[in-house]
Amino acid sequence: MFRILTLGIWLAAGMANAAETLRMAVTTSFHNSGLADILLPEIADDLDLDVQLLVVGTGQALRLGEAGDVDAILVHSQTAEEAFIDAGHGTHRREIMYNDFVIVGPQSDPAAVSGAGDAADALSRIAGNAARFVSRGDESGTHKRELNLWESAGGIPEADWYNEVGAGMGAALNTAAGLGAYILSDRASWLNFGNKGDLTLLFAGDPVLFNQYAYLPVNPARHNHVKADLAADLETWLTSARAQELIDGYMIDGETLFVFNAQPDG
Amino acid sequence: MSTLFPLRVRGAGTRRRGKQLVGPINMTWDGGGTRVVLGPNGSGKTTLLRLLHGIARLHDGEVIWASGTKAAQNAQAFVFQRPVMLRRSVVENLMYPLRLRSVSTGQARQKAEDWAVKVGLADHIDRSAPVLSGGEQQKLAIARALIGEPELVFLDEPTASLDGRATREIEAILNDAVASGTRVIIATHDMGQARRLAKDVVFLLHGRVHEESPADTFFDAPQTPEARAFLNGDIVE
Amino acid sequence: MVDLWQGLSQAFWLVVTLDAELAEIALRSLQVTFTALALGCLIAMPLAALLAVRRFRWRRTVIAVLNALMGLPPVVVGLVVYVLLSRSGPLGVLGLLFTPTAMIIAQMIVIVPLMASIAHQSLRDLWAEYHDLLISMNVTQSQKIKTLLWDARRALLTAALAGFGRGIGEVGAIMIVGGNIDHVTRVLTTAIALETGKGEFALALALGFVLIALTILVNLLIHWLGQTEREGRW
């Protein structure tokens, strides 16, 4: 009897969830930056909109959009995003902001990455020394960027010092900290990471390391339950002066993480 | 008044892995009182009782109750050699058969308490049945069999592992039941018990009815050498 | 080692200060798992009893499959439920994905075979004990099942507790179908996975200790309830 009662309350509670909600798939790196915790309450205040975040890798985020399980996605992998739009899964792609990737490694820096001229050079030095390197290996935006960088540095390594972990940014950083290995991370995840251990930031600043985030509403023509109006409202807000102020003003340890670069009415 | 009898058994038998356990059995029973099934170990007493009650598979022949098989089962009860106790209290064990027949909880409880008093378990009403002594368990099992007021009760060596006192108490309960019109078929190899209870006797040997006669006749003037030997306490094979 | 101590003390303070967020996710954990458990018991227990009393052609196969499914990988369950509930899946119109209901469904699938297997073992033994008596009493199939379930209730409680333990500690399936959405589908285990991912080991451990404490508490509570019943009646 008690159980049935509990169930009843449970179902009633589920239905009573009246506030407007929108589901957005975001990448782990975006979520780990902590920016979401700043933006979401403001969105709730300004739009009376409860944005529910699904924190996944870029690959899974795109799949969720494809299946219509989310209303919008916020990811950072331009090629994949354009393919997503071309296939008709999303209506359009709107650039919002960027941050950058950094190369992190052990303080002793056996491959002397800190002295590298550019990102390709840094990776070549790691390969040349056969120094341990941890790769996300999860088809995420970060992973894809890392593979691009390796290609420009002479090819994707296939050696025992190159370890694909198939995990999110945080888990990969944990692994790198444990192994004393080099790793490519987005700056936000790195700054917010709580288990740095012996790791330190060794290389950053090459423009090829810039990391563009874009907002893609899921195509309501494909999935008629998608909340296209709300997704449009959110897009307007994300590209507003209010958002710019919050994004540009977000700092960790005195460092700016994101640069707002949305074009008005792009 | 009786719906079960006469009982007619024609060529009834059961086998296990091709081996004949019991049968063919032929008998007719219309009498009242207590019918004792006697015979050495392995003669098929337990199987015969189960066969008649309908809980052993009948391979050959037929067992015909006047009321038909289905109605017969509901007018019968069975007490096993090793009492099966439901994992409940004494009173709940007694209420169980009544509740199966949709007797109201209140009435069932009243009747169960009466029976607990009748079989001397009044002080144990709320104890868990599986922790009772062997004698108490068998008394409870018999009370549980009788509480539904069956026309016929089967008992399979109910006192085989009990002491004298428990045996006497159980025989008293059975005599009461017979006095109030219940018929009893009891298997035993306790000769004294057979003499005390029997109105008539079925002597089984090798799974067949070797002799079937009124108790006086059987005990005073057995017809077959095997029955004589059995009564003398010799080993009969 | 430092993390462990930090985790312990953080867990202590989270509990002592009745941290609102912790309370929310802990309650949600209990809510999801208890609902899955209640519904799962309604399936698992009668199924176990039926398998004990009823002889049918595929009985052995069903039991073997059930035993094998005890080790069902939650991640696979999660994926299958995800595909079914996804908007582009067969049950997509229900809109259940990324809701606590989806998590309840996934947990049920994970714990039902476990509970049914454990329950079946004790019910089978009890049935062997009761068989002759109940057959002799001409008991119907449903009365058999009711009798077995009632008289084996203590053993069934153990089965249910095993199901609870597996459910409350489960992360693979509910992460996929629940999505770990803050304030909607975040529970203790998914929060632990999240904090581990962020490298916040102390907080992750703190949540882990809370989870363990909660599990122990629920077990003690239920055992205590079973205990008072025994003393009261027997």
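Brief remarks follow.
A, B and C label the chains in the order they appear, each numbered from 1.
The rule is short, and it goes like this: contacts are C-beta pairs under 8 Å (C-beta built on N, C-alpha and C of every residue); 3 or more make two chains touch, one makes a residue touch a chain.
On a predicted model such as this, the values are computed, not experimentally measured, just so you know.
Chain centre most remote from that of chain B: A (centre = mean of CA atoms). Chain C has the Cα centre that lies closest to the mean of all protein Cα atoms in view.
Averaged C-alpha coordinates put the centre of chain B at 47 Å from the centre of chain C.
Put simply, the C-alpha centre of chain A and that of chain C have 33 angstrom between them. Look at where the CA atoms of chain A average out and do the same for chain B: the two points lie 80 Å apart.
The residues of chain B lying in touch with chain C in their complex are 53, 55, 73-74, 77-78, 80, 84, 86-89, 96-97, 100, 126-128, 131.
Interface residues of chain C, counted against chain A in their complex, comprise 31, 34-35, 38-39, 86-89, 92, 95, 97-101, 179-182, 184, 194, 196-202. Residues 3, 6-7, 10, 14, 23, 28, 32, 52-56, 66-69, 168-171, 173-174, 177, 192-196, 223, 225 of chain A touch chain C in their complex.
Of all the residues in chain C, the ones that touch chain B in their complex are 126, 129-130, 132-133, 135-139, 143, 147, 151-152, 233-234.
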